[in-house]
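Consider the two complexes below, in which chain A is the common component and chain B and chain C are the respective partners.
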Partner chain A sequence: MTQRPAFVPWFVLPSVLTALGLMVAMLTVLQYSIRAHIPGSLDVGGYTLDNFQDLYKSIYINAFVTTAWLSIKTAFFGLLLSYPLAYALVRTRSGWMKSTILIIAITPLFLGEVVRTYSWIIVLGNSGFINSALLAIGLIDKPLQLMFTQTGVVLALVHVTMPIMVLMLATGLSHIDPAYRRAATSLGAGPVRAFLTITLPLSLPGIVASLTTAFAWTFSAFATPQLIGGGKVSTVATLVYQLGFSSLNFPFAAALSIVGLILTVLLLAAFKWMTHSLQRVGAH
Partner chain B sequence: MLRKTIALSLLSASLIATNANAADKLIVSTWGGSFKDLIDKAIGQEFTKQTGVEVEYVTGGTIDRLNKAKLAGSAESDVTFTTSHVGWLYTNDGLFEKLDMSRIPNASHLVDQARLSPSHIGVWGYVYTIGYRPDMVPEGITFDSWNDLWSPELEGMIAFPDWDPSHIIAVSAKLSGTDAEHWEQGQDKLKALVPNIKAFYTNDANSQQLIATGETSVQLLLSMNAYHMMDEGVDIKLAMPKEGAVLGVDAMGINKGTEQADLAYQFMNIALSPEVQANIARINRGSPVVDNAKVDPEIAKLPGMLTTADQWGATLDTDARLRAEKTAEWRKWFSENIMAH
Partner chain C sequence: MTGSQYEKWLGISGRLLVVLILVFVLLPTVVVTLSSFSSTSVLFFPPKGWSLRWFERAVSYNDFKQGFYAGLIVTAWASTLAVVIGTTLAIAITRYEFRCKRMLEAVLLSPLFIPHFTIGLGLLMLVAQLDLGRGYPLVIFCHIVLVLPFVLRSLFVSLHNLELRLEHAAASLGASPLRVVWTVTIPLMIPGLFGGWLFAAILSFNEFTASMFVTTQATQTLPVAMYNYVREFADPTLAAISVIYIAVTATLLILANRFLGLGRVLNVEASR
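Moving on, here comes the complex of A and B:
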């Protein structure tokens, strides 16, 4: 019989305490969602379900749809940009190249989300880098409106999520035994066919994991939609902020948060169900 | 070994906590950035000079600090700076001490608009008005009246703060022949402004960046922020509509349960001294809230500076208590009917 090392409970303890803390926080939010708002006070009143009644209004339904749509687009475009980087990171034999790719990929992680977002405001603005470059080469004759649009928000969110997607994809790719690809090549498969029939299917678990993470991360993103969206791109997180922190209507903001959380769980469950067969393909 | 480590850690933590609560400093809760710098330069340094007591600042957003004060249960700061209407939330929730005005002699010169509640008083005034980039608005546009914001020529050009719609709600009510208390009569007027709105800014820094880059060339702008940006070289003009600019008063109160009440009263009294008030006007163009401050005439004549009773009286002044009570209702309506479009 194997003896469990004595330090294991100490290692697990922080996780348990963190989970308990999160659980208490979530129960508090749940409790707030069924309490009445008292105008002019931070205190809450008696128990009520009124906070959930307004959520059928188009502004809140649109916010849920916008959030889901932004998350899907961010995960998809994030994957398109991150996969080649992760692939190059794993495949390259040059240490210099590997370091360069790694630095490019993970440097954004060292900047806060707010700093990165403020930088994007400069890039996406009417006189920002993108518009100036397009105007200079004559592709457009007036600046494109990128700020305060979903396009601008997705661009910035892709940048925010890319580092973590690259790392997850690279981990998945590095676990693929190179012998499989060599076997395919020795049997006459070209590089494209070897990639499509060997590497891509075997990297599906990494793809699914990175898509799931990017989706969940984007669903709860706040600073980027708030600052780049400029109030014109309403998401669940920005509405919770506006209604909770600006209006001091914490019960209504809590109700919105609870519904947002349920929706996230349902969407992630649906995504897991849809990708279940893909993950089995990638099992090796 | 483990027990020793834990014991040592607890001992160190308690020593640090003891030091943090030492009696030789005053803890002031305030906003960060230029407002914290203003408080330190104009009030904090003068307080230290006069009392020998250091001031420590804890900074954060208006609502974040309110929430922290509510959740903490005990005073984590001694003096709090906040807005006039959020000061009412501190007051209503019992987070401020009731002020003994006899211990703030300089408060006898307070203007009426800065006598806010039994627990909080004004520290400087400002206005929210139309700020614009003269080189980026259509030629011939003037802002003599708030009605000019509704001009079709300004389609997709204006930004408003996203955290507090009370200013534009008060303006719409005024233009509809009523006041903020009967704001519903101004709803249609406000809805008609939607085509001209380009964005909503999240905080002062965001406001400054959007107008400095020209992303939004017209803003409903806090006068002190406008002057701060002008000092940084941004070409901004402040308009003074004939109906009056929207008055704002920032306030201070003493946190309930503070052990530094004497120092807190001294701090507030120094903040209201005529010299410090004149300094606030000089440093950040905050209007003095006492009637005996001697403001440099060159500063006093700037748009948005309030140095006479007539100037204070000509502003659109929404009662701070009404704002505190209506904030949630106004904000929700604004989200659903203005921001959603």
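Moving on, here comes the complex of A and C:
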């Protein structure tokens, strides 16, 4: 394998071109972020650091805090709901159950953010499903305000990220050798103990992968916070869009994106470091 | 409580939990389906009367028709090119050494954590600065970049599971490396290739956030057209098109499950 056949460069070339395109696009964001905005024009002026100074305004700081919170909450609650499904999907012996769980759990993945967000508007609205049901059985006298709140946005975002989390968790769980669990059970461990000491630690890589993906997806979610938050819940994504397409201030949108990207990378690195030390503690 | 009673109780509560989560997943789908047959143009739940008028409007609305065709063009090109790019790279990465291999892999996997709006914004500003138009090539390139990580992951798995001995056998019988790839490796990868392509096609057809930045009125895909509709109108037309979406997708998935074994394609089958 040390000798490299002549076709290898041709196999690598398309990927190199794609990677170059992506890198140049990211450099363009960086470059725009240090250019001056000319009001009313799409062209940019000279080099400046003003865009980053403007980011200190509370509206932008708040957007960062909101986005990070939404992402953390979504990843956490998504994991709580996805793990049992992934576990049941991998462990069930009935083929019919397996197909049913698989179809129900992953169909939403194929529906896209817009369809799912719209469905949640009908569920959460003042004359929507939840409020009609609660009013009908007399639990509440007036509709609960769920639309335009963080709770509503998190509910919908959890639903949006669940399918990919179930898939990633199930992939991890399906590659655990059942012999380990059988060994624990035959040595006298009950089902809960076998789960906590064998299955859960061994599925940790799947958990980390799914949390990371859920976090990144939520961070970049646009339709859900925009439509369900309705301007009351500002995230980095909704602000970037507003700045770009309503104010046509692309340099500032670029600066906001860059800081958002740095924040994502930092949070993901911190998360990776945390799980890494957790795994080492677990190994002892 | 005895051990067996405890286990029985545990089993029942586990099943109940799974059923409740499935209800949560299904809830919006059921609600949107009921709303789509509503006869009133204001969304009430439960609907006050029933009609099919929103379905008629959904299939005749021009932006949706155009968005559907634009989406098909983008998806067909993007998913196919992503599979070609992904396959050649996956083979080169797993079988050969070359310079900057890790870096190339890292750059191409980075869209997994770079927010989609950043990628869309970057590509939009790039074509603006180079004075290239915002046509189909821009949208297709954007989608290739976004789906490639998923394609690569699924191809790495299928290459990892291949019997290397078959390739060695072909090589020792005198086949050139290219011939080994073409007649042994790629045919053995077909299920993985199909799985990767399907995944890429679905993600691309549904991609919204980045598409919002890189599409124009002429190239807007179906999710973008749908988003613009919700912003302008509040009637249940979108519920009707959502139901069509859900019905078609569920049917495709049930067929894929029956004939391909969805668990195998998605790599969630339990190891035996």
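Please note the rule applied: the second predicted complex is superposed on the first by the 261 of 284 C-alpha atoms of A that agree within 3 Å, B and C clash if a C-alpha of one lies under 4 Å from a C-alpha of the other, contacts with A are read in each partner's own complex, and residues count from 1 in each chain.
FYI, a contact is a pair of C-beta atoms (placed from the backbone, for glycine too) under 8 Å apart; a residue touches a chain by one contact, two chains touch by 3 or more.
Predicted model only: the values in this text are computed from it and were never measured.
Enquirer: Identify whether chain B and chain C fit side by side or clash on chain A in the overlaid structures.
Expert: clash
Enquirer: Which touches a greater number of chain A residues, chain B or chain C?
Expert: On the superposition, C touches more of the residues of chain A.
Enquirer: With both complexes superposed on chain A, which partner does A:L42 reach: first (chain B), second (chain C), both or neither?
Expert: Once the two structures are laid over each other on A, A:L42 reaches both partners.
Enquirer: A:A183 contacts which: chain B (first), chain C (second), both, neither?
Expert: neither
Enquirer: Output check: A:L227 vs chain B and chain C. Expected answer is one of first, second, both, neither. What do you get?
Expert: Both: A:L227 reaches chain B and chain C.
Enquirer: Which partner does A:L248 reach: the first (chain B), the second (chain C), both, or neither?
Expert: So A:L248 only meets chain B here.
Enquirer: Between chain B and chain C, whom does A:I262 touch in the aligned arrangement: first, second, both, or neither?
Expert: Neither partner.
Enquirer: Let me test your reading of the model: by the given contact rule, A:I122 touches which partner, first (chain B), second (chain C), both or neither?
Expert: both
Enquirer: Looking at A:G112 after the superposition, I want to know if it touches chain B, chain C, both of them or none. Which is it: first, second, both, neither?
Expert: A:G112: touches chain C, not chain B.
Enquirer: Where does A:S174 make contact in the superposed view: on chain B (first), on chain C (second), on both, or on neither?
Expert: It touches chain C, and chain B stays clear.
Enquirer: Report which listed segment of chain B has C-alpha atoms clashing with chain C; options: 19-27, 37-45 or 55-63.
Expert: 55-63
Enquirer: Residues of chain A that sit at the chain B interface in one complex and at the chain C interface in the other, please.
Expert: Chain A residues touching both partners: 42, 118, 121-122, 125, 127-128, 227.
Enquirer: Which positions of chain A touch chain B when the two form their complex?
Expert: 37, 39-43, 57-59, 62, 118, 121-122, 125-128, 147-148, 226-227, 230-232, 234, 239, 242-243, 245-249, 252
Enquirer: In the complex formed with chain C, which residues of chain A make contact?
Expert: Interface residues on the chain A side: 1-2, 4-5, 7-12, 14-16, 18-19, 21-26, 28-29, 32, 42, 81, 84-86, 88-91, 98-99, 101-116, 118-123, 125, 127-129, 132, 159, 162, 167, 170-171, 173-178, 190-192, 212-213, 216, 219-223, 227, 236-237, 240-241, 244, 250, 253-254, 257, 260-261, 264-265, 268.
Enquirer: Looking at the complex, which residues from chain B come into contact with chain A?
Expert: Going by the criterion above, the answer is residues 61, 63-64, 66-67, 70, 88-89, 92-93, 159, 162-164, 198-202, 206, 209-210, 213-215, 321, 324-332, 335-336, 339-340.
Enquirer: Any idea which chain C residues touch chain A in the complex?
Expert: Of all residues in chain C, those touching chain A are 3, 6-7, 10, 14, 17-18, 21-22, 24-29, 31-32, 35, 43-46, 84-85, 88-89, 91-92, 95-98, 104, 107-108, 110-119, 121-126, 128-129, 141, 144-145, 148, 176-178, 181, 202, 205-209, 212-213, 223, 226-227, 230, 238-239, 242, 245-246, 249-250, 252-254, 257, 262-263, 266-271.
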